[in-house]
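Alright, structures below, take your time with them.
Below are two complexes that have subunit A in common, paired first with subunit B and then with subunit C.
And then the complex of A and B:
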């Protein structure tokens, strides 16, 4: 598990660093997406979660769900285009799960990607992503998780 | 064009409008800023009588829709977070729509706090002692005078607030759902201990332009912003018809539809060493969240404002988190409940939650 300024950033996932989201390719070809621990630290305790419904087509970098923390609303932008397979019922019941386990039980949505090879080529992973998050945190003036 | 802290903000007063136009303008402003078609905007807005729910709220749960229909009160959904509120033509809305780098760095809670402190500093210029109260209220002596909320979309944001210049409390209680079983004179006086207006504090309502100037002065002094007044940019006006169609679509108001019965009013009474403590609360039974709570009973507590601060801190909080929040506030304010302890507040909330 990689760490940047105290924020866990698993190196085996794919990331859109600008949008602060992660993606995991599943064995069945679907993808799971979620908020990074850095995004959670910026947002604070998440109190609401409204996902796009199953069957909805999402374009790359468009909202797959909306979350709320401390009266701030924010979209979670999908790193790839695709169709929503499912949203997270456990998070709907307890949005705080996103903060507690952002890369596990706090996932945001599962999608069937439309063009995974094309869309994922722009995503970062491995050691590169740690460098990219370090740069982002410097730009954002972020002290640490 | 990229805006920076030193750039002038365009101050736009869009005047008195229906709620749907104001919500559509919010959408249009965010889009125009994200496409760098306008400078950062500080907007003043007013509403024909309206009830607005927060982005994640359900109008069925938060409002008395039948009363709204009877009275011709518009119902709309904000883009921003937070709770339901009413607007009438006496109130002033203010909002910043800008690129993220136009405001101080930091996490979202600290940014909201800085914006609220700037607004509070402005309101204080009118002769009231306004200050920030977590989470994102501005209050005077423990009474709320302004509520706020925001949306952050990538590197653009919109953060908005109200100013209660005048307030018809009995009418407000008929529009908004509140955690009170009986809406009688006692309820009105109890809510009057929690909400106030500039008119109530100053004896008369200040002119709108005076309030606008004070707010701008607060933002100048606290955040170093500079302003120039102007008209709504053509680029924003051009986006308005499409945005208006979206917020007028039933789908927009129907986001997050939830049944009223899924957020019942619950009540419990606890006899504790320090007295009798009653909690009335709007309870999100699926999410296990305290949505709003009102404490009453027969007890002494110092400082007195601890009760309303507790109620503010406990808005939209998961039942598992109430103990920490209550204990934290007791410690922070050195609360003396004369026998009433933090665990008694947590217990009465649990009792109310279990009242299935």
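And then the complex of A and C:
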């Protein structure tokens, strides 16, 4: 597990660093997306989760869900275009799961990607992503998780 | 994220509420609590806030392991919660209030940790035997470090004497406000009085407002009022006019059903009700409007603001009436430095805007003000 300024950044996932979201390609061709631990630290305790419904087409970098904390509300921007397969019922019952386990049970949405090969070429992974997040945190003036 | 940042085993500089660790013993005047927004602005916790990057007022809260000894029905710090959560872990106006060592807070302010954002500091007293004395200690220390940032006192005056107000002013307090909160004697009694085993009295609060008017003078005192605890629009605007006529200002909060409080099952104040009260308050405080000129229906709802329509439109379009109200900053006396981001609502349903409204925001507010008409159309 990679760590940047105390924030866990698993190196085996794909990331859109600017939008602070991760993506995991599943064996069946679908993708799972969610908030990074860095995004969770910035937002604070998530108290509300409003996902797009199953069957909804989402363009790359457009909202797959709206999440809200005490001081912030905003979209979880999908790193790829696709169709929503499912939202997370456990998170709907307990939005705090996003903070507790952002890369596991706190996932945001599962999608069938429209053009995974094309969209994913811009995403970062491995050692590169740790460098990219370090740069982003410097730019953001972020002290650490 | 670390819940407890410890410089060494002896000195705890900062504590963020965490139900999974034993709450440390922290007591004013060595420690104070501060708003989450202030903690973000000072760099004590990471965070982003919706459409605003900072708060312009450093809001501090006296803190004691025994907690506030009052039992106000709408407050997350109320005494009745002492069995469920340690005091420093209780939420207060929507979100956690972390605890910081006063030395740490002052050092960060001295080093410009707020990047020049703070235009005011406010010490909120609580109902505790040591709160009056310790407020003076914290104020004195503040004036030694940051006299260029004016200080306000938000009092709960049950234990205060007139001399306390005089002493605070002599020490450098710029503005003195009273957390009246409830605007009729009946609502005050059932939310803050003996009815709910709380020690506050309507008469003592108003006596203190009169002392503040005498000691601090015009524009330098005020009252916190909460809209939506059962009073009518007419009743709360009558109190606004009374405060204005005394020379003071009104700092208005939308009632928010605080989780864990005795009023957690109440609804938040309706949007149309709240917007009309915000506008009426602004007209009274800053635009020469008068309660006596306003018209109300049989339910006490504002029907007519008694104000020239063209000018009223300009004031609504400015968005200022719908921004957070409170003590002024350095730029615009009609806009509060104490912007309290999302202190009385969620960021997705804003009651008090902590930033200047744009045209779309004003249009949303206008629609909200018309809600009552729309509901009656069907």
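By definition in this document, the second predicted complex is superposed on the first by the 144 of 145 C-alpha atoms of A that agree within 3 Å, B and C clash if a C-alpha of one lies under 4 Å from a C-alpha of the other, contacts with A are read in each partner's own complex, and residues count from 1 in each chain.
What we mean here is this: a contact is a pair of C-beta atoms (placed from the backbone, for glycine too) under 8 Å apart; a residue touches a chain by one contact, two chains touch by 3 or more.
In this text, all values refer to a predicted model and were calculated from it rather than measured experimentally.
After alignment on the shared subunit A, the placement of subunit B and subunit C results in a clash. Look at A:42: by the touch rule set out above, it reaches both subunit B and subunit C. In the superposed model, A:70 makes contact with both subunit B and subunit C.
In the superposition on chain A, contact of A:19 is made with subunit B only, not with subunit C.
With both structures placed on the common chain, the touch criterion links A:138 to neither subunit B nor subunit C. Contact comparison for subunit A: of subunit B and subunit C, B touches the greater number of residues. Shared-chain residue A:93: touches subunit B; no touch with subunit C. Under the contact criterion defined above, the residues of subunit A that touch both subunit B in one complex and subunit C in the other are 41-44, 47-48, 66, 68, 70-74, 142. Remark: subunit A residues 18-19, 41-45, 47-48, 50, 66, 68-75, 77, 92-96, 140-142 touch subunit B in the complex.
Listed in rising order, the residues of subunit B touching subunit A in the complex are 54-56, 79-82, 105-109, 112, 135-136, 148-154, 255-256, 286-289, 316-318, 321.
Interface residues of subunit C, counted against subunit A in their complex, comprise 1-2, 36-37, 40, 43, 46-50, 94-95, 341-342, 346-348.
Remark: subunit A residues 6, 41-44, 47-48, 66, 68, 70-74, 142-145 touch subunit C in the complex.
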